[in-house]
Amino acid sequence: MDERQDTFPRLLLQHARVRPEHPATREKDLGIWQTWSWSQVADQVRALACGLAADGFRRGMHLAIIGDNRPRLYWSMLAAQALGGIAVPMYQDAPAADFVYVLNDAEIAYANVEDQEQVDKMLEAQPQVATLRHIYFDDPRGLRNYEHVSSFDDLQARGREFDLAHPGWYDAEIAKGETDDVSVMLYTSGTTGKPKGVCLTHGAFIAAGRGGCDFDRLTERDSILSYLPMAWVGDHLFSFGQWLVAGFTINCPESGDTVMTDLREIGPTYYFAPPRVFENLLTTVMIRMEDAGSIKRGLFRHFMAVARRCGAEILAGKPVAAGDRLQYWLGNLLVYGPLRNVLGMSRIRIAYTAGAAIGPDLFRFYRSIGINLKQLYGQTETCAYVCLQPDGEVKLDSVGKPAPEVDLKIGAGGEVLVRGPMLLREYYKRPDDTAESIDADGYFRTGDAGLLDDGGHLKIIDRAKDVGKLANGAMFAPNYIENKLKFFPHIKEAVAFGHDRDRVCAFINIDMGSVGNWAERRGLAYSGYTDLAQKAEVRALIRECVEQINAELAGEGELADSQVHRFLILHKELDPDDDELTRTRKVRRGFVAEKYGVLIDALYGGKQVEHIETLVRFEDGRTNMVAADLVIEDAQTFAATGRRAA
Amino acid sequence: MTTHERRSGEVILRLDNISLAFGGVKALTDISFDVREHEIRAIIGPNGAGKSSMLNVINGVYHPQHGTIAYRGEVRRSMNPHAAAASGIARTFQNIALFRGMSVLDNIMTGRNLKIKSNFVEQAIWIGRARREELENRRKVEEVIDFLEIQHIRKTPVGRLPYGLQKRVELARALAAEPSMLLLDEPMAGMNVEEKQDMCRFVLDVNEQYGTTMVLIEHDMGVVMDISDRVVVLDYGRKIGDGTPDEVRGNQKVIDAYLGVAH
Amino acid sequence: MTFFFEVLIGGLLSGVMYSLVALGFVLIYKASGVFNFAQGAMVYFAAITFVGVTEFDISPWIAFPISLIVMVVLGLVVEKVVLRPLVNQPQITLFMVTIGLAFFIEGLAQLMWGANVRGLELGLQDVPLEWVSERWGMSISKFDLAAAGVAAILVTSLALLFNRTRIGRALRAVADDHQAALAVGIPLQQIWGIVWGVAGFVALVAGLLWGSRNGVQFALTFVALKALPVLILGGFESIPGAIVGGLIIGATEKLAEVYIGPMVGGGIEGWFPYMLALVFLLVRPEGLFGEKIIRRV
Amino acid sequence: MFYREAGQFKTNYIDDSAIFPIRQDRIGFAIILLLAFVAVPLFATPYIFSAILIPFLILALAAIGLNILTGYCGQLSLGTAAFMAVGAFASYNFMLRVPGMPILLAFLCGGVMAAGVGIVFGLPSLRIRGFYLAVATLAAQFFIVWCLAKVGWFSNYSSSGVITAQQVEILGYQFRTPASKYLLVLGIVSIMALGAKNLARSNVGRSWMAVRDMDIAAEVIGIRLMPAKLLAFAISSFYAGVAGALYAYMYLGTVEPEAYNLDLSFRILFMIIIGGVGTVLGSFLGSAFIALLPIALSLLVGFLENSIHLSVSKSMTSNLELMTFGGLIIFFLIVEPHGLARLWQIGKEKLRLWPFPH
């Protein structure tokens, strides 16, 4: 046995040796948390790998992984890597048509998928994907009479036979692995153009994983809930890279509907969620508290005020007055502790958020009730590993300091450039893109505009390419404005326009849960999103929000000109199924601008009302026509008030 | 729905000249039909045609005055509920017949009562065979829960569930017995379109996955014509038609008595 | 043989009194589906109230209407406070609540009037009818006969009330189907109020008769326990059933006491009606006059 | 609030179907057991043992028995005390007539005899239901008590009908002090309560509840009504029988039919209504409530007498007690038909969800 720990399969064998009985993977299945120890996982992976080998899977091939977070899909990635292959996890909720491109691009011949739904999609895509030959499924439900597909159980059975027939073969394959081999290919959903396959090596992900584990002192005793898409780099870092580096336990929820319950049961020590999850959670907390009795509500309000005053400081270990400390202690007993518990967060040592900007109020809320929520910054191309917020140095408006081994500088136009062991090797079959994104000195161009403050913390303003100029030459950072808007619980999505124009206007999506609740409390009847969005009361509510950010922007120097003059509330929610958002829920700015050109013209043309009809596509492929007359609102703007401190 | 080869086999249940009356009221008059293994057999007819009575005769809740029932070669004058259950006949009811004071899990566990061999003393001590059986059966029940996708309500008291889910739990309880024949009394009554689709899928999945023979009463003609292999038509307690959905659709008596009136 | 008839007639006459108590049960059960275990307590309450009032030197002719008002009010209050909140609950719950009610009323009665045994003089003497003993050599109690007469009048008038008046028809409609009665505009709660009022009246009459015979004491509440086997025999919903059941129980219990009692040590009156009813139930679970129950699925 | 459940996950069905799946409950229960077995014997006075704790535990056991029949199997019984009487007299006669009979075995045999009698009186349940059956159980109450009083053999031809119970002795140790009697009763009741709980969560318990909730559906899924109901009668009577024997030997010290009258049956019924129908916990809560209520009432009356110089006679207090019992039954059936156990459950649910209301 070689003692190198530079590829994931080697790490797996290492854990199986060092902590064979320690739980590696759990899955809520058949009502209980089924548990596999590291030695059992190693055995499972071995059977899967040998099965794939028996079916002809060889070094350098790509294995598609499609489905919800299932143990055997995680193990499949290891199985592919053990054979020198490359795992290609894909977003499981995409329709078959979307798979065709990626399957062809990655020349997929073998696909490990979760269930009948995914098998059906593979079979639908198969005629257009010449290479796709082998489809394996985890859950046999409904697949009894399918031909030319095979279950994981059968695959593993073949693997065990193969293993017996070829003793030592599996270990030899692992021994052939090199740290610079590509271990995984993650497709960036890309806000424009076709997805690109980002090739990342064992070495890169292990470096990123190890850096993170050291930074936050993660050990095998930690535990994490794996519920985010496996194709997303964040999940690959936390539930795979760090899992194999630290040797902790990953827990797969029973289904998408039960994530919150499962979270509460498992009570992970390490947690990751994009800001939208934290936001939804906070909204539910607030809504549920509305129904509480007046004493309880009063108690909650009082102690939340205490937490706002001193919670974050106490968490950061800063000096706080004894009176406040006592109150916080009481609050922890009566409110924060129980609240963390019902949210399933009472054992969390470290929680991260990333992927989008998080609202300062939201961020402060979680920190103030004693959850060590931090931000990180990174891209698919950097294994999601560039900046981390160190404990005790959490600033609300920054994404933290460069992580260990990461070399970061600010380039031309404010673009953030990074270098380090975690960088991608290349974009698959796209040398031009690769060359364009990595400069001569080996720095990767993140595409984000940002600046470093005095303490060395990085602050991200916007996508570098999105940063435009107003007609008067002032800087226009649409994301910055949109994020400010989205920090209001009532606003779910916003799209700001202003590049090369004299002023800024915006589309807004209201948050159905939050505004709906608000409307119900005021006895406002409505029949659905479209109806609610056009209520005069709702428009007034949103106008207040817009005017509030205008007031803020007025104090931010160059950005003072970016105040939103006019806006409208869209008649439908922007939706990935209609291509308006990416699968990671980022706005496709260009597409939206084109699709709703009429509305933009109306905004800038001074019209008060505009009629629009839009085709909406549902998940099951049905379509429906939504039509509405949208009222355009004018918002108050403010005179600029002094320079912003950079 | 993908086309599925249904493996209709031998006749396993045959009813001959069944007549049933309550007091002086005739519910069923001289009805004969058979059910083949693995098939989905529908019973249709207007309200009061005697459909539910027919199921009650099959699983022994009612005892007909005339006629015989042959199940798996054994000919009887009438069934009794326990014998029916023991020989693999399970059923659901038109008006949900769940045990309202119990959780979903416990309701489904009752479906496995015939598989439990330990006596009450063993169960009171809760060691050895009693506990082992409890755990084995729990696992089987969890598979049914998984199959019918009701994981999220496992520990909820059934009384708190909406109607559609209660129907699903009742099906789960019947399935937990691993029946070879399942009698479904209007499994989709009172459901919305989506719930009906789900239920249809479950019925077909059960039939396909476990090969369970089904005898099904249903009002929704679309559903009946879609999923059943053969249909019996009753009217005023008499049989007026029997055959494949197409044959029944073409039968003039049926059209007069039923299709013409109801739909 | 004469002795046999003497016992039989005595039994039948006291059976009429059982019927009277059972009638109170049937009335309420028919109209509201409540098996009123507190009927016995109401009998006791009525008798002790009457006695209590007369103890203030008030003429029985005035005490009677006062007691009647008290009983009707009690009935109405019970209906409103105890039973109305429990509409649509399982019958077994209603049954249990009336057990609680029985305790409450018993406690209240003794709290108000004290627990000591009182005599009650209605001017009827428990002496044998002379002409009967002269002619047939049997002793038939004058009191029993008079009491039976009162009971018979009451039973007849109640039967008339039920069958001939508008209220009676409404009562029967309610008994058949609450929902339907409600649908055709019968004021359900008003009906229940009337029924409880009438039940109070019946309790008062029964209380006076039983009280003057055995003395007004706590043991009067056990009269209700005697009425239960009567109901099982006669069926809970049938007025004729209550009458016939009462006669059978009265007669057989006396006969059993006299003929079987000595063989086993006596005191079998306490349980004999129950065992009789139990055996009868096994043969005919729906009672003498009840309809055969077809359990539909 | 005190329930911090995050991280308490189950990796097997044994843990998942445990009696106390939540850690905080296990800790709480362990503390209660510790208090009951260690702290109470150290600090309680003889009066508290013999007037409160011992009858509380014994009647709780009887209430568990009734709960098995009424709460779990849905068959209302008004004759619990009679089955207790059978247990008491059977134990007495086993002790009397079998030389060298160990007392615990005599209790057990008493329970078994009661179970047999229970089966006989359960037979009508196969044909009749609801309060018809309740009335039928009254027959058991009257007949059995009459029988025990009239048939001299049962009381060993004692002239008074009141017999002194034999001395309780196990392995040479004589249970004379209230504390030792309390510990013996506590031990027996704990073990039998565990047994009842185990039955309730096993197939037998589920079959009973199925029969209770919808007997036709139960029959259709293969539950045989006759064995299920008769088993409920048997086990219920067994519990009542053991409780009856303990009542005679550990509480009254005498064996007499009159102690097991209809009033006792009603009191036990009240316990399960107030405590909670269909829960073992409710049997204890109800028994505690009924045991403590007269004490609370007399304290209250005493307080009133002292503070406002109201003179309350003894009979007045007992009447107030009757009214309070009756009133409470009415109150609970209207407001919370599932009794104190449900209130506890609701409170616990609130604590688990705190600070959320639901």
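The first chain written gets the first letter, and so on, giving A, B, C and D; residue counts start at 1 in each chain.
Note that in this section a contact is a pair of C-beta atoms (placed from the backbone, for glycine too) under 8 Å apart; a residue touches a chain by one contact, two chains touch by 3 or more.
Everything numeric here is computed off the predicted structure, so don't read it as measured data.
Chemist: Just tell me the minimum hop count from chain A to chain C, counting one hop per pair of touching chains.
Modeler: 2
Chemist: Which pair, A-D or B-D, has more C-beta contacts?
Modeler: B-D
Chemist: Can you work out the whole-Å distance between the CA centroids of chain A and chain D?
Modeler: About 57 Å, centre to centre.
Chemist: With chain centres defined as C-alpha means, what is the inter-centre distance between chain B and chain C in Å?
Modeler: Each chain reduced to its C-alpha mean, chain B and chain C end up 48 Å apart.
Chemist: List the centre-to-centre spacing of chain B and chain D in whole Å, with centres computed as mean CA coordinates.
Modeler: 41
Chemist: List the centre-to-centre spacing of chain C and chain D in whole Å, with centres computed as mean CA coordinates.
Modeler: Distance between chain centres, rounded to whole Å: 33 Å.
Chemist: Where in chain B do residues touch two or more of the other chains?
Modeler: 61, 93, 97, 138-139 - these are the residues of chain B that touch more than one other chain.
Chemist: Could you tell me which residues belong to chain C and also touch two or more other chains?
Modeler: 297
Chemist: Would you mind listing the residues of chain D that make contact with two or more other chains?
Modeler: 12-13, 16, 216
Chemist: Would you mind writing out the residues of chain D in touch with chain A in their complex?
Modeler: For this pair, the touching residues of chain D are 1, 3-13, 15-16, 352-358.
Chemist: For chain B, which residues are in contact with chain A within the complex?
Modeler: 2, 4-5, 105, 138-139, 142-143, 145-147, 151-152, 154, 205, 208-209
Chemist: Contact residues on chain D for chain C in the complex?
Modeler: So the residues of chain D in touch with chain C come to 76, 123-124, 127-128, 130-132, 134-136, 138-139, 142-143, 146, 149-151, 216, 262, 266, 269-270, 273, 315-316, 319-330, 333-334, 337.
Chemist: Which residues of chain B touch chain D in their complex?
Modeler: 59, 61, 81-82, 84-86, 90-91, 93, 97-102, 106, 109-111, 113-114, 116, 118, 120, 123-126, 130-131, 133-135, 138-139, 173-174, 177
Chemist: For the complex, give me every residue of chain D touching chain B.
Modeler: Per the touch definition, chain D meets chain B at residues 12-14, 16-17, 195-196, 198-199, 202-207, 209-210, 212-214, 216-224, 231, 235, 278.
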